[in-house]
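Report on one structure; see the data block that follows.
We just call them A, B and C in the order they show up, numbering each chain from 1.
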Amino acid sequence: MTNETEANESGPDAKGPNAKGPVETGPDETGPTATGPTATEPGDGEPRDGEPKDSEPLVSLSDVSKFYGNIRALEEVSLQVHPGEITCVLGDNGAGKSTLIKIISGLHQHDAGSFRIQGEETRLGSPREALDRGIATVYQDLAVVPLMPVWRNFFLGSEPSVGRGPLKRLDVQQMRRTTHRELLRMGIDLRDVDQPIGTLSGGERQSVAIARAIHFGAKVLVLDEPTAALGVKQSGVVLKYVAAARDAGLGVVLITHNPHHAYLVGDRFVLLKRGAMAASYEKEGLELEELVRQMAGGSELEELSHELER
Amino acid sequence: MTVTKEPAKPEGPEGPGEPGLPPEKTDERLVQRSLPARLMRRPELGAVVGAIALFVFFSLVADSFLRASSLSTVLYFSSTIGIMAVPVALLMIGGEFDLSTGVMVTSSALVSSMFSYQMTANIWVGVAVSLLVTLAIGFFNGFMLTRTKLPSFIITLGTFLMLTGLNLGVTKLISGTVSTKSISDMEGFSSAREVFASTLTLGSVDIQITVVWWLVLIALATWILLRTRAGNWIFAVGGGVDAARAVGVPVARTKIGLYMGVAFAAWISGQHLLFNYDVVQSGEGVGNELIYIAAAVIGGCLLTGGYGSAIGAAVGAFIFGMSNKGIVYAQWNPDWFKFFLGAMLLLATLLNAWIRKRAEATR
Amino acid sequence: MASVQRSRPSVRAMGVVMAAVIAAVAGLAGCSSTGGKRAEEARDQAASGKANVTTPRWKVAMVTHSGDGDTYWDIVQSGAKQAAAKDNIEFLYSHDKEAGRQAQLVQAAIDKKVDGLIVTLAKPSAMKNVVKKAVKAGIPVVTINSGQDESRDFGALTHIGQDEVMAGEAVGRELNDKGRKKAICLLHEQGNVGHEERCEGIKKTFDGKVEDLYVDGTNMPGVQSSVEAKLQSDKKVDTVVTLGAPFAATAAEAKKDAGSDAEVDTFDLNAKVAAGLKDGSIGFAVDQQPYLQGYESVDLLWLHRFNADMLGGGKPVLTGPQILTKKDAGKLETFTKRGTR
């Protein structure tokens, strides 16, 4: 309950440093309470933005573990997310990818290890809190509400409003225009932002979700299997947007089980296997073949071939 | 009146309620959709078409139907259904059911009647206590739902049965009989009656005050749904609760709020029941919950949530009222009424599904 | 819906508001100087007896076809309880409006080895076997209210009730005397045999026209607006006969709203009907004395056990129809208020 109360007030605060958000909505915002995006978070905003140190990762996990009862879902996993870089998390089904995501996005809390956001030890209580700290997560199949119009989806959870008191209402004009413009910026030219988002293609829906995260000033974008359900062409479209997000200076966590997609855009690679970290690479010196081999089973595959030989 | 009001409320870019925005700011890149195309997308379209058809039909077959006094009777009955159907529609858009609505109305009436009577208190005290108790029931429904994560069908079925039992048991325990004692001679009764059960005379037409309550609720619900953050959240928790939670929508709070909205309307209906008839039968109201749901569904609400409108539910209630009374005006054998109603519900649902499909296919 | 907004400022804030309102309510202590419980306490209470017989504590069960929260059966019960108190009888009451389940309740009473059984035969065929079973088990059975034609066949000692057709006939004659031309018979429960019989009885004796109007008894505004609609669409209607007491006041309300000058008459009685008789908004009421049905059946079973007495001489014992008009209203008001008429 309590965190939801916070959510109400801190909604637009999620529009962080990414200049577009506040500048656009700023003049229209008259409501003094829940809508003060012009004042970019005074306390915690400063040290982060002011710090030019590139070496400091936006998000860093070291030896993070998570238990469900006595089942070990995640064991001593470490990874780093830097601004303008894409960190790929690869792994088969059940490798612990989704557990990892849930920890980063605030749905679950880790049981051991350290989770730092911009150097600060953190324990996220809710997805809202993660959003407020600049971490936006785009889930594979539940990124959007299919029956709702595109513009309502775009602003869901962080709706700008005008007026005050009982007359406080959604700034519908602003929402429609912003949605259209932001999508255009991503290269999606929607004829009609009023259409239910369910009528868009899978790739477009992912892209809207990504555009939304960028617009609301996410510093870290967590993408859960964005290409899993998509065809080759649509996957290419989505990867383009992922790259666009990176170029916009965001740190991206790309969860995938497709090494080809990962290799195309990734800067760092973390391989998960049965909840544990199997390998970690940097882009330099890494061959696609190695990644594919590791994903296809790697050493396990060799063991298997030994067994079969016997 | 709702029928004519309906098409004038498209959710277009130049929709009502934005007087402050200069028209030239309308984005030129947004393609203006034609009026029919915009209407096609409204959830209540099917209901409006059905209502018009039914209206024309009864006007033709029942000569006394078109009289002002008859229409006022139809409106009165529609409003008693509609006051509940509107918040029930919001709840259904939010993806939940409430089976306890019918008896909750009775509970609300019983509480204010018995509290006033037993405490020999001013009627308004009982009315206030009843509001609190009814809202608490709504809160209980929502709280249990969000805490236990059980389907709302089960939770509210439980509340329904409990309330049915409490209504009878407590009334019997306190009053000694299964209906309440008359409170018409108590202080505050006449003023409460003015608010909840009076008749306004406009020219030669008598309009029951429930119609006014109904219209206010429709306007309020539509405003909340289309123009507030809460409305956005209602659509979201019904259409994709996980997606909504992931972007930070306060799901639990939204749902509890919806249940309390239903409870609020139950309070209004309950007070009307009390002050119109002065004595409340504790066994009343059972079965009405399905009528409210039916009205919402006829009005275009999806059973699975995430889609629908308050105006649609109101039109659904109007359809229900028209057909229920139209049969009397047409002097038909009422044995067939339920069949007629069921067929209409099916037709409306099919029509809605068909329209939605068409609307989505035209893009 | 207002509460959607209301609930926004967190649940805690809401709690504070609620607490404040409660405090305000309590603080106001807004009392009503008229009516209410205090006024009732000032009135006489129905006399509650204590056992004044020497017989051991016998057990009598009553199983009816009543639905939940039916005022009529409430009065039957209070009559039965009064007799039970007087006769040192343990009185067990159960009811179910579905015949199958009512039969199961009778079976349960047989299993409890009661000393006497009172049943209603609203749907005789469903009750036949189980009543015969009770008789076979040696339990004296009295039927009340409905089923006078079957009572003897099933082996019951007697039947106490009102012949519904006869009651309807009485209404028809009364309407003739008043010179009425067209009446509506308001049925609040579709498919209820007794109700159909009442309307049938009216049609038998009434010289004018009778039309049936079915309404949903659990929805008062629905009842009111249907009567209103009927009166608006047919100006010739000069009488509305309701089949249950709670609907009489509603019909009177509808008549007022429709601007019709039809008279409202009703079967059965309650406090509001008594008040309506007094102020003239209700013409007459046909009562079948439910209190008497309850009281007499229990008392008769006691007498039968104590003294092998039986009433009726093989014919039903009739508790109605009794036509009540304005001149009876005065004393009825007191009796209805305490729940015995």
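To be clear about the criterion, a residue touches a chain if its C-beta (ideal position, glycine included) is under 8 Å from a C-beta of that chain, and two chains touch if they have at least 3 such contacts.
The chain lineup, named per UniProt: A = ATP-binding cassette domain-containing protein.
Computed from a prediction, not measured in an experiment: that's the story for all the values here.
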Checklist outcome for this item: The chain pair joined by the most C-beta contacts is B-C
Next on the checklist: Using only Cα atoms to place each chain's centre, name the chain farthest from chain A.
Outcome noted: C
Next on the checklist: Nearest whole angstrom, what separates the Cα centre of chain A from the Cα centre of chain C?
Outcome noted: 67
Checklist entry - How big is the gap, in whole Å, between where the Cα atoms of chain A centre and where those of chain B centre? => result 40
Checklist entry - When the C-alpha atoms of chain B and chain C are each averaged to a single point, how far apart are the two points in Å? => result 32
Checklist outcome for this item: Check: chain B positions touching at least 2 other chains come out as 228, 253
Next on the checklist: Among all residues of chain C, which ones touch two or more of the remaining chains?
Outcome noted: 5, 8, 11
Item to check | chain A: positions in contact with at least two other chains | outcome: 1, 4, 8
Next on the checklist: Could you list, by residue number, the parts of chain A that touch chain B in their complex?
Outcome noted: 1, 4, 7-8, 11, 14, 105, 126-128, 131, 137, 139, 142-148, 152, 155-159, 161-162, 168-170, 172-173, 176-177, 180, 184, 191-196, 199
Checklist entry - Which residues of chain B touch chain A in the complex? => result 11, 13, 15, 17-18, 20-21, 25-27, 29-31, 33, 41, 223, 227-229, 231-233, 235-236, 239-240, 242-250, 252-253, 302, 306-307, 360, 363
Next on the checklist: Could you list, by residue number, the parts of chain C that touch chain B in their complex?
Outcome noted: 1-8, 11, 18, 21-22, 25, 28-40, 67-71, 74-75, 190, 213-214, 216, 218-222, 224-226, 228-230, 232-234, 246, 249-250, 253, 257-259, 270-272, 275, 337, 339
Checklist outcome for this item: In the complex, the residues of chain B that touch chain C are 62, 64-65, 67, 69-70, 73-74, 76-77, 80, 86-87, 90, 116-125, 128-129, 132, 135-136, 138, 164, 167-168, 171-172, 176-179, 181-188, 199, 206, 210, 217, 220-221, 224, 228, 230, 234, 253-254, 256-258, 260-261, 263-265, 272-273, 276-279, 281-288, 321, 324-325, 328-329, 331, 334-335, 337
